[in-house]
Structure formats: C-alpha cells, structure tokens
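What follows is subunit A paired twice: with subunit B in the first complex and subunit C in the second.
For the complex of A and B:
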C-alpha cells in the first residue's frame, strides 16, 4: 500500500507576459525550482520553500507564489500539518526535525500587552530635545557601595565592582554559531554590534579568526559540546555564556550534521572535517546546581575574574526557581530563552510543544528575584521571538535588562523565515556553508542593514519611553504599571503582574 | 631549574592560582604545592611548560582549560581533572572522581588507580596534534567514553579480575577509541559502541602510551605489551543520523 505524495506546499507561477527571460530565478534558486528547457523556463513547484529569493530578484515582478495550492478536506482537528506529519512518520518511523521557531498558531502575549503614554497630568518627553538614557550595564551589581575618605578629603569607592558589559542600547544579538550560519552572516552582525555599541553571541561554534577584530563585542559561548573552547577563546570574549538550554529545544542537545562541517568550521570548532558535532543534552560536568557554580567559577578563575559569566536557560515551567538558583551561583546574568526562540534544527515536537512564553518567564523570574532580594545583583536577558521595538519595550517593562534577537537580525540580512536552515542551501547566504551561496551576502551591506535595524529600534524605544514620560531605561525596567493587558485571562495577568486595560 | 614552593595550607583557590600564575610569569619551571586540601581549579586556564607537583588532594576541575603545564598529584583527585583541557599532562598517584577528562581536547591524563563515572566523556580531537589520551591503571565506573568524538581512553585493570565491570561503555561514541585490557562483556557496551579486534598494529600504536604510563608509576611495561585488549569504537561516525527525518 503506497501512501503516495502529499500536495506541494507552494505553487510558483511566472507571468509570461511580464517575464523577460533573464534567468535570474534559475541562478538564484538553490533549491532547483527553475530550469531552462529550450527557450522556456520550467517550474517545479514541489521543490519551493518560499524563501522568496526568486521573487526578490526578479526584475519584472513576474513571479507569483501561492501557499497551499491544493488543500485537504478542511477539518479543525485534523489539520493539514497533523495529517502530513503522520504520513511522514508512517513512512519513516523517525523523529521529525524542523527549522526556525515555534510554528504553531498560539496567542502572542506581547500582542495582548499595551504600552502607556502621558496625557496632561505629566508631560511626555521629546527625545529630540531631551537626552534619553538607554545605556545598560549587564553584570553583577554590588548590593551596597562602601566609600572611604582619603587623607586629602576625597571620597573613593571601596567596593570592588564586578566586570559589566556596557551596552549603548539594550538590544543584543543572540547566539548563532558559525556552522549553523555562515561566516559572512557572523561578520555582518559583528560589524553591526561594534558600530552600535552592543554585543553578539558566538554560539557554540568557536570564534573564527576573522571575528577577532570584533572580539570586544562578542560573547563567547560554552555549551555542552565545548566546541572551539580553549583558554584563548575564553580570553578573547567580552563575556562568557554557559548555555544550559535553548528555547527552541529545551532539555535536549544539538547536532550539527557532518555535511556542514567544512574545513573552516572544523578548524573553528576544533573537530575533524565532516564529523557530526554533537552537543549532549546536559553538560556532563554539571549534574547539580553546585556543579553549575563550579563551572561558572572555573570560567572566572581561568580568565582571572575579568569577564562576566552568563547562564542561558530555556523558559520552562519552573523557570523562576531555576533562575533564582542561577542568581545565587555567582553568575552575572541569566539569559531566558522563550519557547518561540529560533534554531537551525530541532525536533518539531520540541520546537512546537516544549517550554513557556518568554513574556511569562520574564515576569516570573523578575518577580522571584525581587522576592528574594537579589534582583538588583544580577541582570536578566530575554530572548525568543522578539520581533520589534514594541516587544523590546514590553520585555523591559516586564523586568528584563536587555534582549537578544536572533531571527530579527537574520531577517535584516535577507532571511524570509522559510525554515529550511538545515539543508545547507540557504539562498540568502545565511544558513549555509556553500561558498557560492555565502558570497551572496556582503558583510559590509549586511552590517549596514543590521545596524540600521538596531538604530531604528533604538529610536523607537526612545520615542516610546519619551511618550511615557520616562527618560531612563532604568525607570522602564520592571515598570509593569506602564503595561496593560488586553484580552488576557486573570491568571496570566496575575503572573505578568499587569492590570487589565481600563484599570 | 627555578623552583617555587607554595604552602597552600588554608588558602583559597583564587589566591593560590594567583601565586601560581605569578610564579610562572616570573619564570618558574617547577612549582611545588604543599598541604593541598580540596582547592579547586588548580592550573585552571594556565599556559606554559611549568611542572607543578601537588602534595595533597586537589579539588574539582584540576587542570581545566589548561594549556601546556604538567601536574603531578601525590594523592587522589576530586572530580573532573583534565576538564576541557587543551594540552599538557596530569599524573595522579591515586584515584579520581567523576567526569575525568570531560570534553578534553588534547594532552594526557594518567590515573594510577580508579576513576568514577563518565570518565573520558565527550573527549574530542582535532588533527594529529590535538589528540587527548586518558589512561586509567585500575578500573572505571559506568559511561566511560560516552559521546566520545576523538582521542584514546585506555583502561588497564591492574589488580582487577576484569578491567571493566560497569555498563554504558561508549554510548553515543562517534570518534576515537576505548581500549580495555582483556575481554569486555557485550552487555557493558553502550548504544552506538562496537567491539573491534585489537591487532599488532594497534599495539604498536599504543605501546608508547603504555610505556609512558608505566614509567610514571614505576611499573614494568612488559606485562602490558601484548594483544590481550579489547578495542571499542563507534559503530558509525553518524550515530544519530538514522533517528531523524525532515519536516
């Protein structure tokens, strides 16, 4: 009994009246949708991923793409996706892998939170005229400051301050490894963060030597595979991040398939050419919170206590007590990655069903740390599905110090979120190591686009703060009075500690 | 040879490591640490060719991220000596705890007696110069060489009827090799691990390691220079490839 084929996901058509037969669609499509036969461009729609490279490059706007051209009998429970996953597994008997973030149509809490603005009783602030303080320090803060008077009568700080990262804007770029993405993508983002006075993560892929000039803006990651980790790598980073979990796949490790481990990737990760790079689910030297303390301190001791050490966890049910444990573990910041966080590849069932929304996680972690009187001592970095300056402002109002963006930065580089990152065929030169595709991404142009995005969001954040009569990011942080919930249930409003609209 | 002696009695690990770093920066070629009692992170991230003699029992993560030095421990070691070590050598005249040589990418760790769980877990290698070696004189607990991606783990089983009696050897191994003195029961092997014949050419390959180990612990290498070993390696270099299908 054959299962037959499932309907193609997309239908591509060329308006032959508009088409000038230039063949750019053929050149640009790495998935092989187009081919020339005689004087005609033929189309194989089944191969299309809706990466939109052809549509963007067609000089005559002659290409039309339709999603789901053939549909199943409609059914609210047995969706197309449910049926196709079953067909796939009936054929293979395997775990289904998928790319990018959670693709389920679940309500987005950010979209049900509304920001405040001043009217009459207190004036709003014009960021054009008034300075807006967006500078953010990420790292441990002392619980109190001690001063001493010198003989000459001057006052000097007696408390030894822990190293902090100084951000000009509370937007950082999250960890995407060389291997998962191309060197040109990393270079684009590195140049952008250096220009905008912020930071990016290396992911667990080592630090390529071409990124050394930007190392003061790189946060180096230590994950369970320890790829590319040596003392040189640790010393180069501006900060070190221990990755415990990832929002797209909480509780499991990662596998970079051998196909993506080319010579440069092998050199940077320090693993053999073409071998799978397997990061186990746990760090096998961390089996308890005490062991986490030990890893944090070993990293600090190795770098002579000069670098802040962050700990990244996925937002899971007990995120608040876990973060509280991390706060007491000598970590300088806790990174929480929500269930919408992106990935190059994750088992679909994890991507779509494991973890909790970042909005709820920020609120509960911030609350727990405040209850325990340690919120002022540690920074909170939020990530996982932050799409705009509004999401950024809401994250800070819920209690984050700064955010990591991943997918948003990739979209600024051309990504159209087609979710085929794992195929090494990314036509935008982002999630691929194929030299001809990588060369499509010019790091200079890419850097300008990413830094434009960071600038744009920073301007919008200043405007939003000004409208709310706030001139310092510190006054927005955890200021949930400037949020109102719209169509959120009472339980969620309680978790978020936000009043409903109108209250 | 410039020697520096440090009395570590009651000293916290941070000032101890600062003293070690200062001594190395000052050109010390040999450092002797007395009264070591549980100080963690000795030699953490340390570079150079210095030889450190540790009298006592060091705490966890001895020689973590270490790049070059040699540490001789006259005593046992706590957990994870050689964790993510880059190069250099640890010689432990006693036993060590769990996760010995975890994620190690180069250098040598020689343990005279036994080790705990997860020894050599996730060891990896890159080209020829970065090939880590873990040798255990006695035996190891479960999950030896789990997720191993490269390097060599050698267990000699000295004084034991069987070198290995704990399960889960080499689960998920996708590179490198685990060589165990004598026979290893099939049920001790983890998923993805496979036994291979130990040949004369294997012996030739590892005999310098055996000789070096014996030299450090004053053992007669002749006793170990035969083909009475079991070699365990990956059943496939892509142990997880058949688990997944794309969306």
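For the complex of A and C:
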C-alpha cells in the first residue's frame, strides 16, 4: 500500500512507577491495546478507541489517555477527519461505518434555550412540600368529551378513552435491539423502567424470553426487517411501534453484522445463526401513507385494539407534514428522532449529515398538528441527543409529551461514547454479544444505575417546574412562553416560536 | 395581587352599581391605580336580543369606520352611541368608549358560520387583531363591561356605574405585574356572555394560549386573563361541558386524589385530564366568571390566592376578602372559604 497508515488518535501511557503489573489493563481491553512481553506490558496506542475501560479498572490510576495532537499540516478546510476518511476510503473502497450519534461540532439548540423561574408575583412551588405531577399518558385522546345526564341528575361520561400508556415520569428508554446491545443491557434497562414506572423499546430485535417478566413495560418494535415479529411478540408488548426511520440514519435500513448474531440473537430475531440481519430501507409493504394506515390498523386488529401503536420517523426537512399525516391515521403517538440520535452502526455520512435537530423538529411538528387541529389527539415523543433533565424540560416546553433517551441510558450503564459499537467488542458489555464481555455488565447493578438516572432527572424536572410555578406536566407541554432563546438567529427563533432573552 | 368581587341575585332582582363600587374600593390595597373594571348583567333590557359591543376607539375616524363596515357586512346595527362618561381627575381619557347594539344577519351567516355567536366571536377576534385603534372589550347580550386605567372609584365615577342595574356584577381592582397597565388590559375580560375577573398569574399561559389559538381564538390583549374567557367559551359553549366540568378541566383534582376515587368517578376525571390537559391552568389564581346562567368561582389547585364566599337568601357573593362582601351586604349570613379547585356556582332560579 502506498498510502501507509493514518496517525493514531489517542496516546496511551502507563506510569511505570505507579504500575503494579497486575495485568488488568490487558484483560479489560477488548481492542487489544495491551499485551505482555516478558515482564513488560506493551502498549499499542493505535488500537485504542478511548472507551476508558482500562483507565477505570486500573487499581493504581497509572494509565493516562490523551488525544494525540494532529500530525497533519493544519488546514481549516482539509481537516484531519476529512483527510483520514479519504485515506481510509482510498484504501477500502467502502462506506465508512460509525457508532453512536452525530459527532460534528454543530451548535446545540438546547444549550441556547433558557428556562424560566418565578420571582415575587407568582410563587415558585416547592416539590418537597407540594404535589408535583409528572404523570403522563401516551396515546390517543378525544378532541372533546361528551357527557350525559342520568335520570338521577348525575353527569356521566359518554366518551370512551382509547388505551394509553401511563408513565410516572415523561422519560422512556428508546429502542435498542437485542443484537445491537447485549441481553444484560436490555435486562438492566427493563428492570429500571419497571421500577420507575415507565417504558422501554425492544428495538427491532425481537423480545428475548428473559424480558418476558418486564413485558408490561416494553414497547415492541416492528421495523422493515420484521425480525422477531409474530403474534406472540405483539401481544406481549404494552404498545407497538412501527419504525419508519431513525435519527442517526434517516432513509436507510439497519445492519446487524453476522458476528453479533449468536444463537440467542438468531432465535430471538428468528434469523439464521451468523447471518447479517439487514433490514431494508423502506418497509416493503409501505409505499404511501395509506399503506402505513393499513399496517397500523392490521396491528391494532391483531391485538384487538388494546394497544397503542406508535410510528417513529427520523427528523427530516419535511417532518411536520409527515407527522401530520401520521396524526390523522390511527396512530396513537408519533416518535420523532433527531439527527443527534445514536446508533449501533450507521454510515458515517448519514449519521453526520442527514436530518435536522430534534428541537426544531418538535417545534415544527407541534405547530403543524395544532394548525391542523389534531395536536391534542396524538402524543409526541421526542428523541435524539437528550442529555440532561434540562434538555428534557426544554423538549416538553417546545411541545413533546415525553422523551426517549438512548445514549444517556447507555452512559448510565458505563458506555463512554467511544463510537465503536458496531465492532462487537464493547468493553463495557453493552454493545456486544461476546459472552466474556457481556458478563462484565451485572444487570442488577446496571438497573440501579439506570433507575438512579431516571430518578435524578425526574427530581430535577420537578424542581425546574416548581421554580417556574408549574405543578403539572400538562402545563409545561408546549409552554414556549417559559423559554427564551439566547444567541439564536431570528429564523430559528421563529421556527421555535420563542422570544429572545430579555423580551 | 388584585381584588375581585362577584355577585349574583338568583331571582334576577337587580342591584345598582354603587355598593359594588364601595366594596371594590375597600380593597385598594390590592390595586395600584393601574386598572379597575366592572361587568354587569341585565343592564340593557331594552336591547336584550342584541349583542352589546363595547369598543375602545383611539379616535372616531379611521378605526370606527372600519368597525362600522365590518359590522354592516355581517349584520345590522340597531343603535350606537358613545358610552356616557364623566371626566375624573384620576383618569386620562385615552380611548373613547363606544357601544353598538348589533344583530348578525341570518342570511349573511348562511353556510359560513354556524351561529350568531360564531359571527360575533369572529368579529371580536378580527377587530382586536387587525383593526388598529379599536378594541372590542365586551360582546355579550344584555350585559356590558366597563373598565379603564385608574382606581376603582374613579373608574366607577367615570362610567357612572351607579346608573346601571344588574343581577350579576363582577368587579376587579388591578395591580398589574406582567403586562402593561392599559385600558384593554384591565379586567373583566369578556367574550360573548363570558366575563372573567382574575387575581393571580397563569403560569400555563403559553400552553393555554396555544391551545385556544388552535381553535381560532386570538390572544391580543397582552395579558393571561384573556385566555380564561376563551377557555370558557371553547369548553362551555363549543364543547358544551357543564360549568362544573369546565372547572374540573381548568383546575382538576390531583392524580393521587383521582386514584382514590370510586372507579367511575376516577375514569371521568382521568378522561377530563387526558382530553383537556392543555386547558389545565397552573399558577396562583382566584377567578370569578360571569355566564349566561349564573356565576362560577374557583381557585387554583393549591389555593395560592384567597377566595371567600358569602350567601344571603337569593344572593351569592364571591370575593378576595370577606370585608368586601360585608360592605356589599352587612347582613350576609353564611361566609366560608371554598377548598382549592372547588367550583362555587351560583345559578338563577328558574
């Protein structure tokens, strides 16, 4: 090869004075950075992904990991990344794959939105002393209620409610499939959502039987590959989600490499062992909104109209009218996944360049549904890059009913966002099926970490609402009056329909 | 902070405005001289079948011409006049208050609007949003709102409020904090026969506003109270909810309480919260609403603003302060404070 290799990204060093030669770094690194030669531990920095497993496990804090300075001639246009991608593709002729969310340095709208708080004229509410209601129902709502008077003069309800999911907190865990992530990861999250009174998605990987005890907290996904989908699967879910698109890779299907398809995965997905699980870009029975309506109806029919059906789409330029079309179908909720959404594997060019920010998508979808008079009849679930309770509160104020978190839940499990999920080598036992790695994640400990995170955000959301003088989540939803934009341009302020700071 | 009063005589015997003026002035501690207002029902018996449109005009040239044209386009004006006023040292007359007695024309409405009330609502929204220099601040039948920037007594004297006789009275003494002290921003707020006086701040305003705007209402008066009138019109008139149910939607019981209710009642309350979550009002408030068939008073769900009820025979009083009720009726019998969110409803006896 005339191209040679690209310079390593990270530099790993061991402080030899501190090192006690225990060898834990060797054991822990699934990428093979460390090896023993005689009485010395050698380091191959080139293989490092900055997953930080070694740093976290070294008993002597002897390991230092730094980002290696750029070795290229600096250039504002021809960045290191641009050049390396070209070198890699010149060598391979292939699509460049990547894991996790968009890694480009773009401004984050959430960080330029500021929440409100009360002073003097309306009292802030203390969530420790007053009730604070975060309970959220996801599903279809009637546009108005009808009552009838009984002979005795009592008022009785004449409208029948459609089935809704009852969430104790507006935080759910998004769809990450068994296959993409390990069973222990799914188990950790399933226990956590059951404990915190919320829900998680199965992803398009079927429902493993070990998750059956938590099925009342699972939203089963029907994606274009239809992996693991049968009537038993549909009936076990608390709700069903049709995945049309995903924020990290709008417009393309999914790809689970054969290495990750072990026996359990193959059984759960109902596909041959070791085969690549490739879900097509479109559903081959959905080529129009009418087709989607039919699928929604068939799924409802199959489950006797007892379960809400969600439709998930990626946030794309035309997201508002698409969501409006979905709202006028029989769907109970529309899930919008923004361009910062994570993934096990996606072509890098998609992950980094296709789609729009979730903040803008929520705002425009909420407005469009209102303009068409259907906002109250359908729920909006937002996802794709929600990092904190502040992002959560801002999403709801922009118009979402609830959010899905993905990466945040994985980080709670140990993920260090190294972006190598597609290699089946995740050293934290999350995005891998290798038994030795999977066993590193204890589902009990994992569940405690994830439910702590949900608890923590829930408390913070209560405090934020209390500070704003609001004691029920309904009054935060779509309350853009309680947001101000800071350093956002006029066009974006208009889309978000928020006033600038100081106004 | 604000002071509010609601009064109804359930037998429809009418009372003049002098004692309301006295009662409201008693609560001057709750005001800042930036706005006061009165709503009285039963004051225009000779025009009872016509919508009484009260309008603030910045001048009687251009804006009035536009309003006249709009009204003539949609119906018939049977009478119009400047609302009689007497200059007061404490009030700078920035607008000319005017009243029209108007009836939408059946022919014009055909196929375009469902009812006379839709036409009147449309006209109010259209004028307030698009006619510069004109604000319709009252649009009900056989009732009217009188308001301005100033202290309660001055506003009452300005409009000679003692000359009006009504069986429902609402009054408001304003201490504005989050919006300008202009005439249109004084309470009561009105649409059709709904009139609202409010003490507090609606922290859910953004949500409520976007909800009602989805149904064609336009919030143009720069204050959160306006939205209450539209919520009552939407839920009470358009969705035909009984008054108790409107209050249930605006200030619903907590989920913990709903969970403890018998199944049927729980289901009903759940349905109200799910369907009307965007109408739920948050923040500190005490509100009295005048309607076609009586008055409704209620507070927010944790009662961050005071509200006192008094009764005496066919008369029901709701106010921020007991002392104000005692000024209105020194003989008042039954005085009590309602629970948070509990609707107090005074209806006419048929």
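Criterion: the second predicted complex is superposed on the first by the 493 of 503 C-alpha atoms of A that agree within 3 Å, B and C clash if a C-alpha of one lies under 4 Å from a C-alpha of the other, contacts with A are read in each partner's own complex, and residues count from 1 in each chain.
The rule is short, and it goes like this: a contact is a pair of C-beta atoms (placed from the backbone, for glycine too) under 8 Å apart; a residue touches a chain by one contact, two chains touch by 3 or more.
Not measured: the values here are computed from a predicted model.
For the composite obtained by superposing both complexes on subunit A, the positions of subunit B and subunit C are free of clash and fit together.
Using the contact criterion defined above for the overlaid structures, shared-chain residue A:297 touches subunit B, although it does not reach subunit C. Judged by the touch definition given at the top, the superposed model places A:353 against neither subunit B nor subunit C. In the superposed model, A:94 makes contact with subunit B only, not with subunit C. After overlaying the two complexes on the shared chain, residue contacts for A:305 are found with subunit B alone; subunit C is out of touch.
In the superposed pair of complexes, A:494 makes contact with neither subunit B nor subunit C. Shortest separation of subunit B and subunit C in the overlay equals 25 Å (C-alpha atoms, whole Å).
Residues 13-14, 17-18, 21, 40-41, 44-45, 47, 60-61, 64-67, 79-80, 83-84, 86, 99, 102-103, 105, 118, 121-122, 124-127, 130, 146-147, 149-150, 172, 174-175, 237-247 of subunit B are the ones touching subunit A in the complex. Those residues of subunit A lying in contact with subunit C across their complex are 118, 120-123, 125, 130-131, 133, 135, 137, 141-145, 147, 155-157, 159, 161, 164, 370-371, 373, 375-376, 397, 468-472, 474-482. Against subunit A, in their complex, subunit C makes its touches with residues 177-178, 200-201, 203-207, 209-211, 213-215, 239, 241-242, 244-245, 254-256, 264, 267-268, 270-278, 280-284, 301-302, 304. The part of subunit A that touches subunit B in the complex is made up of residues 88-89, 91-92, 94-99, 224-226, 229-232, 234-235, 255, 257-258, 266-267, 270-272, 275-278, 280, 284-285, 294, 297-298, 301-305, 347-348, 419, 422-423.
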